[in-house]
Amino acid sequence: MTEPTAKQIKDEKNYQQWGLTDSEYDLISQKILKRLPNYTETGLYSVMWSEHCSYKNSKKVLRKMPNKSSRVIAGPGEDAGILDIGDDQAVVFKAESHNHPSAVEPYQGAATGVGGIIRDIFSMGAQPIALLNSLKFGPLKDGKTKHLVDEVVAGIGGYGNCIGLPTVGGEVSFEDCYENNPLVNAMCVGLLNKTAFKHGTASGDKNLIVYVGAKTGRDGIHGATFASDEFTDTKNKQRSAVQVGNPFIEKLLMDACVEIIEKHPEWVLGIQDMGAAGLVSSTAEMASKAGSGLVLNLDNVPQRETEMNAYEMMLSESQERMVLCIKPEYKDDVLDFFKDYELDAVVIGQVTTDKQYKIYHQGELVTDIPVDSLTEDVPEYDRPEVEPQRMIDDRDYKFVPEIDSLEETWNNLLKQPNIASKKHFYQTYDSQVKANTLVKPGSDAGVIRIRGTKKAIAMTNDSNSKYVYLNPYVGGQIAVMEAARNIVAAGGEPIGVTDCLNYGNPENPEVYWELDKSVEGISSACEKIDTPVISGNVSLYNEYNDVAIYPSPMIGMVGLIDDIDKVTTSAFKEAGDLIYVVGETADDFNGSELQMQQTGSIKGDLRPLDLTEEKLHQDLIRMAIGQKLIQSCHDLSEGGLAVALSESAFDNSLGFDIKTKLTSAQMFSETQSRFLVSIKESDKDEFEKLIKTDFECLGYVTQEHIFKVTTADETVLMDGKKAANNWKEAISCLMK
Amino acid sequence: MKFAVVNFPGSNCDMDLYYAIRDGIKEEVELVDYRETSLDGFDGVLIPGGFSYGDYLRSGAIAVHAPVVKEIVRFANEGKIVLGICNGFQILTELGLLPGALIRNEKSRFICETVTLKVINDKTAFTNCYQENEEIRIPIAHGEGRYYCDDKTLAELKANDQIIFKYDRNVNGSVDQIAGVTNKQKNVLGMMPHPERAIEDILGSDDGLKLFQSIINYQVRVNN
Amino acid sequence: MKLVKIYVTLKPSVLDAQGEAIKSAINTMGYEKISGVHMGKYFELNFDNDYPELEKDVDAICDNLLTNPNIETYRYEIMEEE
Amino acid sequence: MKLVKIYVTLKPSVLDAQGEAIKSAINTMGYEKISGVHMGKYFELNFDNDYPELEKDVDAICDNLLTNPNIETYRYEIMEEE
């Protein structure tokens, strides 16, 4: 193929296929370069100016998020955010979406999503310690969806298990809107010695740019613009934009990078992974951040395919590659170091002072543009927004459930895929490798201890997009607070947030309104509990044939447990323990699983969330855990009190005998700000004195696996084993 | 007693095993690179879990050709302690130091779960701190952990008391629910479950500790 | 009764990390004369009966399940089973 | 130049879990007429030159590396490379 000339690109508007608009192209040629960009240059701009790399549509909204606290060492702008946890240690975390690649090629899409987020963590100099993931699919009704689910789960496990990082948390949910546009979000948490922290920068005249890792092929070219492009039937064939992962090489790369930064910090000035838009994105960002320029010679890039042109090499998204900036005097040390790990490492360029980005290929200067123009000059869009019509129409709708049989409703709800146990999936993930996992998947938050200290890190992924769909602002608040309740229930103090903002096409004013309002909700909740948003990722254009997914912000939250004695799980521990629900229950059925079960859809507005009350309950639970008053603690979410009680009973095959002032229907209400706890009977007075109001003592834990419940309407005796089977087997049955 | 934990490219439970020895039973332990050609000075060798060489070809198949393996074979032949866990077990069967093979789980999927094992033979270097038929809780985490051998081999294993651990239920489709076997001389043990992940109560179980203590016990007896 | 033999190989542009690792193991074993190793998958599918769209279905099964068209190619033979 | 094509399959006595899983995935996809699936491995080995002991070496490579004789069998063909 011969490359089109600069003039052809202009005349034939080839840049449009690559996602650049006319006005963006004019800005580049007339204002920035004052000449026509050639083929390679046009390619670089189109990918760097895509939503995925530039956030041009979402920047305005993202600025609303709080990103400061006394713990923040690094926030948005680096590969991952960093929070101080004392003793010269810090946690590093970030989440990333891999939605479109996973729709097209589920195993590799999911696997490379995991691989990419791990690189973001170790490129900060941190040792990755755990993985989480958030998955959303269409209903499990046809072979196509089941195959997709199987492959995505296998890809996540395949990568994480092989590289040897425990997957300790996540979520899986099913709604119609994700049928053709599944969401695959992965999160990685790492631990850093504060002295080891490396910025992703390329500074200092004549310092060297080193390429490390797998060879470059043509994979994933234009993956970044592809991710920002909405989905239609015809594009399903766009297979060439998918990358292939190799966790074995990544393990070597991870170990090598962590070791070189820890043992030889003076060798490495800056380090960055090659993620979306590979070589161009990583090197341009490193130079731009440092105020430097860069000269690259592509002939030195390790290649595994022949006759790749400059455009292909710069944009390739081949996996398992890193870029380092090093001092020339350590060149041999660095190259030898990586050789010992049997990794390719070569010098591909040099830092300059002229702020130009210059690329040579086969002796020819193929790119010569201001480096900042790739990263800083991207136009920012202020999109029109309008409140979705459905919200106006359904504002006063109030779902009133009818419960004929508490027992039947309860058992049916336990079988709902969104509520049923996800063990079928998470048992295929190694959750214990590294022998630090204190709480595995299956409780509220995953917990990893920090070896050699009393500390542990709690982590969770949360998103209930049904709520966000019904009311983006309140739904955004709920997503944060639900995550926080998970952390608190595990015995932790919430300290920070990462997110994946998954939405439809931002050019649709209703979608943009959803984005804006939910981010405002997220921000207000994060401010309330002092959990800054220190990293994240935006995935727009999640649509299929012009129908958008629910607005789906995924909140990844990390908490600190200062003493592992505080680690708490959701499982009831002993017969005779008293059971309490903390927080008042109201009729919150809009958006509930019960509404979904009884009507087949969700509808109506959400009640505003009282952030002060929410925080009070979290604080009280933390105090109670701190005073060792709590035997088990579980956050109430989908399916309400009934589901929380069952889940707490299942683990140790215990039962309960309770009497409540709630109606049978209210057993399934999804009122926020509530916890289910069990305590030793001897701690009753002390516990009640601490909590003061807003609690109800329900009864006690029993040895027999029987659920005895008296509501305001009726008394039922349920077989715990049958309930447990419904809950445990539902997903495996559906996946058959 | 001084242990070597052999580290192949792609091993990922090497540190878990290292800590189990250093912190769990408080003995000497060192990580040894797969390129080493001598294990002089060590009393026992431990082969950790993970995905050596990415599990390319078959799990354990490529590691067998690494330089350090000659020394592992020497240890085995000299009657010294050799323990392979998970991928280590796979390597030992690939090497022929242990009979049988580990193949893809019956349901084909990876399984991570804490399972109950039955101690079948409590008279070995690896199990003398347990009781016969004692039930212990140990995590498994594998996709290719189904123990397979033909009938003749199985009969031999039984006749020689080489079956050391069995699962209490059919988790992965192993022949006779076998979770761990030794060689005839009983100085080489391979097992799919991870005792090194079960050495502290806070991790869910400390039932694995006695396995490592058994080795020390045994060595003390041999030395005296 | 039909037997379909399917051979799946990586596209030449895709790094065959397994093949490379196997080649270097073969070298270590002392066989130096080998110049390349590629590893692929081999499937045997049995069908009780012949039917008109068999070939179409085999193609679909290969495209959608047995291979990853992004990185692999396949060929197959349909034969009468003994 | 010689090309050696090697086919490795599980012994019939060994349950082919992957084959079974693939079969049920094929069923789920709506192809009901399939009666069995077996999964094996396929290798291509290149040798620059022919040499007298080639066959002996290929046997050794298969026995000692490419297959595990406890569970697998193999067959191969040696051909002149295009």
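The letters A, B, C and D name the chains in turn, as written, and every chain counts its residues from 1.
Quick note on the criterion: a contact is a pair of C-beta atoms (placed from the backbone, for glycine too) under 8 Å apart; a residue touches a chain by one contact, two chains touch by 3 or more.
Being a predicted model, the structure only gives us computed values, none of them experimental.
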{"item": "Chain A to chain C, fewest steps along touching chains", "value": "1"}
{"item": "Winner on C-beta contact pairs when B-D is weighed against A-D", "value": "B-D"}
{"item": "Rounded Å distance, chain C centre to chain D centre (Cα mean)", "value": "9"}
{"item": "Interchain centroid distance [CA atoms averaged], chain B/chain D, Å", "value": "29"}
{"item": "Interchain centroid distance [CA atoms averaged], chain A/chain D, Å", "value": "41"}
{"item": "Geometric centre distance via CA averages, chain C-chain B, whole Å", "value": "34"}
{"item": "Touching two or more other chains - residue numbers and ranges from chain B", "value": "53-54, 56-57, 65, 109"}
{"item": "Touching two or more other chains - residues of chain C", "value": "17, 22, 25, 29, 39, 65"}
{"item": "Per-residue overlap in chain A, given as positions that touch at least 2 other chains", "value": "147, 246, 248-249"}
{"item": "Contact graph of the chains (line, ring, star, complete, other)", "value": "complete"}
{"item": "Contacting residues of chain D [partner chain B, same complex]", "value": "10, 13-15, 17-18, 20-21, 65-66, 68, 70-71"}
{"item": "Complex contact set, residues of chain B against chain C", "value": "53-54, 56-57, 62, 65"}
{"item": "Residues of chain B that touch chain A when the two form their complex", "value": "9-10, 12-13, 15-16, 19-20, 49-51, 53-56, 109-113, 139, 141, 143, 194, 196-197, 199-200, 202-204"}
{"item": "Sites on chain D touched by chain C in the complex", "value": "7-9, 19, 22, 25-26, 29, 31, 33-49, 51, 57, 60-61, 64-66"}
{"item": "Residue numbers on chain A that touch chain D, as the complex places them", "value": "143-144, 146-147, 150"}
